[in-house]
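Quick heads-up: structures coming right below.
What follows is a pair of complexes built around chain A, which joins chain B in one and chain C in the other.
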Partner chain A sequence: MAHSGINVLFEGRNLIRLFGGLWTTVEIAAVALVLGLILGVILGVLRTFPNRLLRLVLRLYLEFFRIVPTVVLLFLFYYILPKQLGVNLPANQVATLVFALWTAAEMSDIVRGALISVPKHQRESGMAIGLNRLQLYRYVLIPQAVSLELPATINLVTRVIKTTSLLMLISVMDVINVGQQVVEANNQKYPTGVFWVYGIIFVMYFAIDYPLSWWAKRMDKKRLERANG
Partner chain B sequence: MAKQVIKVEHLEKYYQKDHILHDINFSIDQGEVVALLGPSGSGKSTLIRCLNGLEPYQNGTVSFNGDQVVPTEKNWQKLRQKIGMVFQSYDLFPNLTVLDNILLGPVKVQKQSRETAKAAAEKLLDQVGLREYENVYPRQLSGGQKQRIAIVRALALNPELMLFDEVTASLDPEMVRGVLNIISKLAQDSDMTMIVVTHEMNFAQQIADRVLFLEDGKILEQTKGDQFFKQPQTDRAKEFLESMDF
Partner chain C sequence: MSSWQIIQQSLPLFEKGFILTLWLSFIGIIGSIIVGLICSLLKYFRVPVFSQIAAVYVEISRNTPLLVQLFFLYYAFPVFGFKLNAELCGIVGLIFLGGSYMAEGFNGGFDGVSKTQVETGKAIGLSRMQLARYVVFPQGFTLSVPALAANIIFLIKETSIFTVIAIPELTNTALDLIGMYYRSSEYLLVLVIGYAIILIPLSIILTLLEKRVRYGAFGN
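Moving on to the complex of A and B:
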């Protein structure tokens, strides 16, 4: 078979372009995750404070990002908000922002859940040695919450990375968008190229996400083993 | 005349509508060891938790070293380094080693240098016979060892008053002795003022200068230690001692 579909990957700069697209995807995901996780921890801590108004506002923030589908959020931030507010951000930055805010919302719930499941006695023993609220969180509650929440956090990270495949919808040159262009440009010469292009994109996502979800599962298992003695 | 360390006047405590503590009045001098006794649910834990601000109270006052405490979280937080407390559940911080558990208060709250605090901590660890465990994590310790470390953690702040709430109640019987010995030694060898909630009557008799007997949130009697166990003043206290097989 002279025209085996796999050659579409080696035609011209196709493979390099695909990896370039992957890089854009990874860059957006990485920046969004770093910002989102940090913001999420702060919001999660705030959600355990007694102030009701604060808790309500943060809860609404979470629900908004949880209920509205990510596609809609991307469109909202890319097409609608700029018209209304007159801010025009490049697509990459809009994408980073949306993913960061979404990550922060989900992370705040994970952190809050972990913090409130640290036993009450731990909080009281910390208070009994004179720790103030900041010190209590810094040295006692957050370190214990982190080990509880790590698997859920890694699962969130894999979800965020998977969802980056929606980026093409707002014309970010991510790996999916590049893949589509490659398929269209080579449709005549390699009719089966579509399988190979999407195949390699599948392999790329799998290579990033599978180790993460394997790690999360292993950690959860270990934690259960330790909890059961 | 001995200095008055803590004084409680007309203290009232409610949980929502439930009236838990009724007009509590007492004071404790420096160096005095007071056993707080009473049946389950009488309010012992609630009372000593009011004394370091872990539990808010609705009426009355607590004075520490002659100064009435203005009950804000910030004031209590400062006072808690002078009022050590050890709980029934041995709750060391599982994320820190034994030594770091002990140093957290002195270093972060009192801003002592780590070296100074460490030297003091090691001396205390020697006294409870656990020096060689300083780099171990709490999960590797037995209940009795954890409880001894919890006592050291409270003492490391150099408190003026120690509160013990049934610190041996969740220990295996063979661990109890060791922990009680540490508290007895503290009562004898130092001038520590202490309030001890316990259901170990022999232990209470051995260390208590005075007994506060609490029932249904009221102090029914305050009697000198040796006298309380021989000749309680109220029938209720007599029944209580009998029920404890004493």
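Moving on to the complex of A and C:
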């Protein structure tokens, strides 16, 4: 077993490097999620306002991010920011920006869906007791919407984490990029190392996403049971 | 050369990529629906052993990125003498991913059928098979249409990831051209339009379909 492929992981600093790559991945996902979810809630609330023009603009924003694949979004920002707008950002920041804007678009739709499914009498009762718009959202609509939207939000989080696998395409040193380097550097010594390196990356993603999606599923199930009596 | 000329000259290549994207998506979606339906039925009828295998498959496939799945298929499996060409890898990967999403879509539909319906069926003495055939499936399929529609759009977009194993679909075509001629704005514009041509009409059709089945389900 001296030259078994799995040893590639324990050769030198390979394992530490892989975890370092994972950290980059997690960092970008975390920052993008925080920014994106906050922006998404704001946009979602704005989309329930009566102003038509505002709603149209936000709807177009959503549809753009829905229709263009994330790979293409990454390249659009990667090439066009520096070339057309003269903004030179490192690839990490470009990726964070893209993921944040994409998260915001998806989140705005989740928030809007939850807000409009709060029963109408709640909104009307709130207005009847003289709440202004801010108070109405703050005390009546948002608290009720949160419980409705939580499973969908967690699913969005798992999607964003999975999508960070695309970071390697714009040469961010994420876990997959590091994995490729490890594979290439050790190909002579460990011909089957590629299996173990991509294997551990597979396990890493699963270990992060599985608990989250399990949690979301459980909440959904509970809600379904409550709804079905 | 003007931008317009650049775009014009690249169109034949983009057309090839466009057709390949459509073709791979089509096979991938059909395959995903078949795999998803099988998994969902195994779960619904609680087939021993197979339903557990399906459940494990669904969790693994749903919680890992397509890109990593493709890398596994394309780079890791050949080490053990299991070699597929890039396009076959892409299709297998897409079906591996899509199967679980479709399974969840069908499951959601079947679970969504109201308890009253199921209990009424049981009360009039339907067997589990009859219950499935006459009560749960007709309503369940209808309820799952929105999820399936979302999955179809999702899977088409995921084909853009095929570029990492050098399948010459739309995204790969654009990135190749950018690499050769450095005209990123022009090629990216064509690329976005390419996806828009596929996805905008499709999402409109699917929305209409959703409305139509909702009408069929509830008559309102």
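Keep this in mind: the second predicted complex is superposed on the first by the 229 of 229 C-alpha atoms of A that agree within 3 Å, B and C clash if a C-alpha of one lies under 4 Å from a C-alpha of the other, contacts with A are read in each partner's own complex, and residues count from 1 in each chain.
To be clear about the criterion, a residue touches a chain if its C-beta (ideal position, glycine included) is under 8 Å from a C-beta of that chain, and two chains touch if they have at least 3 such contacts.
Quantities reported herein were computed from a predicted structural model and do not represent experimental measurements.
Chemist: Residues of chain A touched by chain B versus by chain C: which partner has the larger set?
Modeler: On the superposition, C touches more of the residues of chain A.
Chemist: For A:Q135, using the defined touch cut-off, is the partner it touches chain B, chain C, both, or neither? Pick first, second, both or neither.
Modeler: The answer is first: A:Q135 touches chain B but not chain C.
Chemist: Which of the two partners, first being chain B and second being chain C, lies in contact with A:Q84: first, second, both, or neither?
Modeler: second
Chemist: Given the touch rule stated above, what does A:H121 touch, chain B (first), chain C (second), both, or neither?
Modeler: In the superposition, A:H121 contacts chain B only.
Chemist: Pick one for A:Y198: touches chain B only (first), chain C only (second), both, or neither.
Modeler: second
Chemist: Quick check for you: in the superposed arrangement, does A:T163 touch first (chain B), second (chain C), both or neither?
Modeler: second
Chemist: Counting only touches as set out at the top, which of chain B and chain C does A:T70 meet: first, second, both, neither?
Modeler: second
Chemist: Within their complex, state which residues of chain A touch chain B.
Modeler: 119, 121-122, 124-132, 135, 139-140, 143-144, 147
Chemist: Hey, which residues of chain B end up touching chain A in the complex?
Modeler: 52, 54, 77-78, 80-81, 84-85, 87, 89, 91-96, 104-105, 108-110, 150, 153-154, 157
Chemist: Sort out for me which residues of chain C touch chain A in the complex.
Modeler: 59-60, 62-69, 71-72, 75-77, 79-80, 111-112, 114-115, 153, 157-158, 160-161, 163-164, 171, 174-175, 178, 184-185, 188, 191-192, 195-196, 199-200, 203
Chemist: Where on chain A does chain C make contact in their complex?
Modeler: 5, 66-72, 75-76, 79-80, 83-84, 158, 162-166, 168-169, 176, 183, 191-192, 194-195, 198-199, 201-202, 205-206, 209-210, 213, 224, 228-229
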